[in-house]
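Next up, some structures in structure tokens.
Heads up, the next two complexes both have chain A, just with different partners, chain B and then chain C.
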Partner chain A sequence: MGALLQVRDLSTSFYTQDGVVKAVERVSYEVANGETIALVGESGCGKTVSALSIMRLIAEPPGKIVSGQVVFDGTDLLKLSKADMHKVRGARIAMIFQEPMTSLNPVLTIGRQITEALEIHRGMKQSDALDEAVRLLELVGIPQARRRAKDLPHHFSGGMRQRVMIAIAISCQPKLILADEPTTALDVTIQAQLLEMLHNLTKDLDAAIVLITHNLGIVARYASRVYVMYAGRIVEHGPALAVYHDPKHPYTEGLLRSVPRLDEPRSVRLAPIEGQPPDLIALKSGCAFYPRCSQAESQCGEESLDLVEVAPGHYTSCRSVLKGERR
Partner chain B sequence: MKSGNLLEIKNLKMYFPVTSGLLLSRKVAQVKAADDVSFSIRKGETLGLVGESGCGKTTIGKCILQLHRPTSGEILFEGMDLCKLSNNELRPLRQRLQVIFQDPYESLDPRFTAADIIGEPLKIHGIARRRAYRERVEELLDIVGLAPYMVNRYPHEFSGGQRQRLGIARALSLNPSFIVCDEPISALDVSIQAQIINLLDDLQQKFHITYLFISHDLSVVRHISDRVAVMYVGKMVEIADRDELYKAPLHPYTQALLSAVPIPDPAVEAQRSVIVLKGEASSPLNPPTGCVFHPRCFRVFEPCATVIPALVDKGGGHFVACHLYDSAYSSSQAAAN
Partner chain C sequence: MSVIAETVRPHHTLWGDAFTRLKRNRVALAGGIIILLVALGAIIVPFVSPYKFDQQDLNVVLHSPSHGHLMGTDGLGRDVFTRLFYGARTSLMVGVFAQVICLLIGLPIGAFSAYASQRVDNLIMRFVDVVFAFPDLLLIILIRAILGGSIYMIFLAIGLVSWVNIARLVRGQILSLKQRDFATAARAMGGSSTYITLRHLLPNSLGPVIVYVTFGIPRAIFAEAALSYIGIGIKPPTPSWGTMIANGYENIFAAPYLVLIPAVAVGVLMLAFTFLGDGLRDALDPRLRR
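This part shows the complex of A and B:
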């Protein structure tokens, strides 16, 4: 089965005054046609940077995609010319950003922001594009769409703006949607509405989704496979059920244990992961989770491991888990 | 006033005027951020307050602290109506009513050191000087799990979780009996959130503090609260003991809210059905007639659009404001089922 997207050994660094920040370090993942995968991790772990690297939206300088390949539908996006990349971005790969307030243009009407993509990528005439924009707005649940298309973003609530973002994302019928914390700024009931809608719309389009989030619950609801990131690297990945029920990395285990669950009896005390996420500038050799890890061995601090398959399709980079498996 | 209640909020209304015009500004509308809200907070408990953003949770917290002077209503703290007190009379009481803010990046003065931030309340209220002051600051750092050598650091030298610890130390400095925790963990990373929740738990036991815990994270609220209150567009729609509310939510909004919380387990999620509400929350600028929730409610029937439901005790301190549970409409309610 050929994957729709294959990210191979992608490394992206930022060159700052204080030093080199290795935001994404040798990250690989795959998305099949129509599949939903999740990138999970805390802020600063490189989830967003890896998505921006796929879209080639890393500001250069200070950033730079140091190495790797992003093979989409058979072509390496990192080798495309700027003009060719324009034809991919927004058309065949779309992105939904976290902040609907800052990612919409405040001085263009909502309608115009949708028709722009339609005119550029689908070669539509202005009037046809407007009709299509109204149809898309209706599709994402905006009432009185024809009238609202003339409004500016600040006339819309946060949830409404994110609906508009989704309308823009699906406007050119992309094969892949990168959804970067699509509902983080929103309330739970609105979040549920939007995710259901996004899920159904992409199913109709047969599009794949890379869901980037720190919310383990949302991932459990939608993703078939999960990649867990920590300090710029993927530390574990596998089928969602396996990662949740039998995590193979102490970080994943810690994350799952630290969030209270509504379906379980209330515990007296939460089990946090002690310590802080590391500073990416001062990253030492060895496993980045070593200082916070309860199962660490002295070797972990010296040398980090590459991902190894421990169960079908389930990979980990944890030395002590691997030892346990071999025993 | 019932014994055991630290705070009693009665018919609290907080309307913010919307003005128009540059020089001669006139009131053109009002935002009903809190509209006729009544509830009480028992001594030593944690009351969780949940609801969507903009529903008036923070406004309630600020009214209790008298950071907003309410439009009308009473806020009884140990029997005293805070709304009737002058600023001078309030000052000694402010020592006992403290707050922890949501964003530890914005709520700490970037030009103050850790010692200044924690110690400022001590200076203002003239509690401790010189050696006693230094000792108290170091003691507070220790209580919240920060090291003494950090006293001269500035906020930017701390991580998010550590900053929130500073905010907590500042709130504790005057030995308060009540703290409003306004989304204290929502700006923090998942792995840090549990650390702060445990700290708040410990402090409550150690110093017998009463919390009003404002949050939109229902899983965390269940973990930390003894009782839970649910707000929607300026109105209190349901209050109950924690286990009761999560086991048997009465208000359709609470039911939808709980069903929308995703559970971090794919096997469980595959079995669950989510109540997906229609539309968005109404604006407190122009709230709907009748029940504020009726435009989105999946069990709406005749009286909902016209009659405002009262918050009534359905037994055992489980309060709900919904016509479904009103015997006057019980026949039509059966029809709606």
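This part shows the complex of A and C:
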């Protein structure tokens, strides 16, 4: 099974006045055809930047993709010309953004914003594109689609706008959808509806999804594999169930412990991870999680480990876990 | 479902919304009505006035306002009322066409500057600074000397000195809009920079531009009046409010209304445009959308 998308050793930095922010550092991951993977981690850990890097949407300056490869369908996207990249964006890789309230152009009608991708990438005529846009709007569950296509974004609620964003994303039948916290701005019931819909629609299209989220509940339901990011690096990855039931990194354990569970008595207190995420400018040479880690050894502060396979398909970068496994 | 389908909400367009809000603002509405009345008067004056604007009658020199001459006559016995509305033609034309020229120059330059690389942007903006720093009056006199004295050249002269503000405004708008999420989303959709600048960013920047143009019209009207007053504006006998004030000044003690009437006209029209501009600014501001 050849991978649809292979991200290899991707590093993206931002050159700011205060110094170089290594937002994404030697990150690698793979997505197979039609697969859903999840990128998990707290705010500022580099999830979004890694997705924007794949799309080459990092603002330059101050950002820069320092090194790495993004091999999509056999071609390295980082080597494509600008014009070739325009043909990939929206057509073969689509992106859904976190903020539905601001991600639509306030002065263009909803219909127009769906048809433009169809006209650009599929060369449709305006009237055909409008028919297709109406069909897409119906597909994402917007009633009276033909009438609503003439409305402007501010006539829609947040959940409806995110439906529109999904309609735009699937309009050109992409092979890969980067969903950057697609439901974070919405309330819980709508989140579930939208994710279920996105899941079913992409199944029909046989599209793969990179689901970026900090909601571990979502991950368990939809993703086959999970990549856990911390301070710009991937610290653990493996099959979703394995990561859930047998996390191999103290950070993942901490994340799981800080999520409320329905099957535990309410008297059980949540255990937050102590401390703050590190400053990405002044990153020390050792493991980035070292200052907050309960299982840390002195060696952890000096040298970080590369990812090592501890169980079939399950990788970790934690020294103490590795020792425990070998014992 | 059928109940939902039957509740049809009124359909609002972007400009329709703005117009509704504008109508609610009485002061702006008054401004708009004054402008329309002046424009109407300027259009129909040759059909309703018994006098021509350059028709001299030396028997009625400097007559005060009366039945025959509603606003009196000037030093050459011409009817002030007729000349005032012919002058309104000049003023409105200068106001509107000077701004059209401003837009035609400023909009593309501003948009291109925001779209271009940083070096080109810098170059254009420094050129804009130079034009901005150059004394307006001097530049206008220079342009008039080179291009000659027809009324169209006045539009051009005023337009050529005041496009820089629109260029700056448009550039600033587009640069800030570029950072917005929908611009990133449009890029993720596969739009090229040119496409996004023209289809997404420029239309979003038009609100403030329209407001600026509305404020620019009274400035252009005033500029024309000032130019005509010092004698490098409209050529006589075509009436302009500036020349009327200048000519009236010679007889200010005998017939003060000759200065007063066109001066009040300039003031009222400028005020009307300013009120309308204020109302437009409120109406087009999406943050005030209710």
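We adopt the following convention: the second predicted complex is superposed on the first by the 325 of 327 C-alpha atoms of A that agree within 3 Å, B and C clash if a C-alpha of one lies under 4 Å from a C-alpha of the other, contacts with A are read in each partner's own complex, and residues count from 1 in each chain.
Rule of thumb we're sticking to: a residue touches a chain if its C-beta (ideal position, glycine included) is under 8 Å from a C-beta of that chain, and two chains touch if they have at least 3 such contacts.
This structure is a prediction, so every number in the text was calculated from the model and none was measured.
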{"item": "Winner by number of chain A residues touched, once chain B and chain C are compared", "value": "B"}
{"item": "Chain B versus chain C as contact partner of A:Leu205, first or second or both or neither", "value": "neither"}
{"item": "Chain B versus chain C as contact partner of A:Gly217, first or second or both or neither", "value": "first"}
{"item": "Touched partner set for A:Ile120, first chain B, second chain C, both or neither", "value": "second"}
{"item": "Contacts of A:His86 with chain B and chain C, given as first, second, both or neither", "value": "second"}
{"item": "First (chain B), second (chain C), both or neither touched by A:His155", "value": "second"}
{"item": "First (chain B), second (chain C), both or neither touched by A:Leu283", "value": "neither"}
{"item": "Contacts of A:Ser103 with chain B and chain C, given as first, second, both or neither", "value": "second"}
{"item": "Overlap of chain C and chain B interfaces on chain A (superposed complexes)", "value": "143"}
{"item": "Residues of chain C touching chain A in the complex", "value": "1, 4-5, 8, 11-14, 180-182, 184-192, 195, 199-200, 203-204, 286, 289"}
{"item": "Parts of chain A lying in touch with chain C, wherever the complex brings them together", "value": "55, 57, 82-83, 86-91, 94-95, 97, 99, 102-108, 116-117, 120-121, 143-144, 147, 150-152, 154-155, 165, 168"}
{"item": "Residue ranges of chain B touching chain A (in the complex, touch as defined)", "value": "52-53, 159, 161-162, 189-195, 197-198, 201, 216, 218-220, 222-223, 242-243, 246, 256-269, 274, 276-277, 279-281"}
{"item": "For the chain A and chain B complex, residues of the former touching the latter", "value": "42-43, 143, 157-160, 187-193, 196, 214-221, 223, 240-241, 244-245, 254-256, 258-263, 266-267, 269-274, 276-277"}
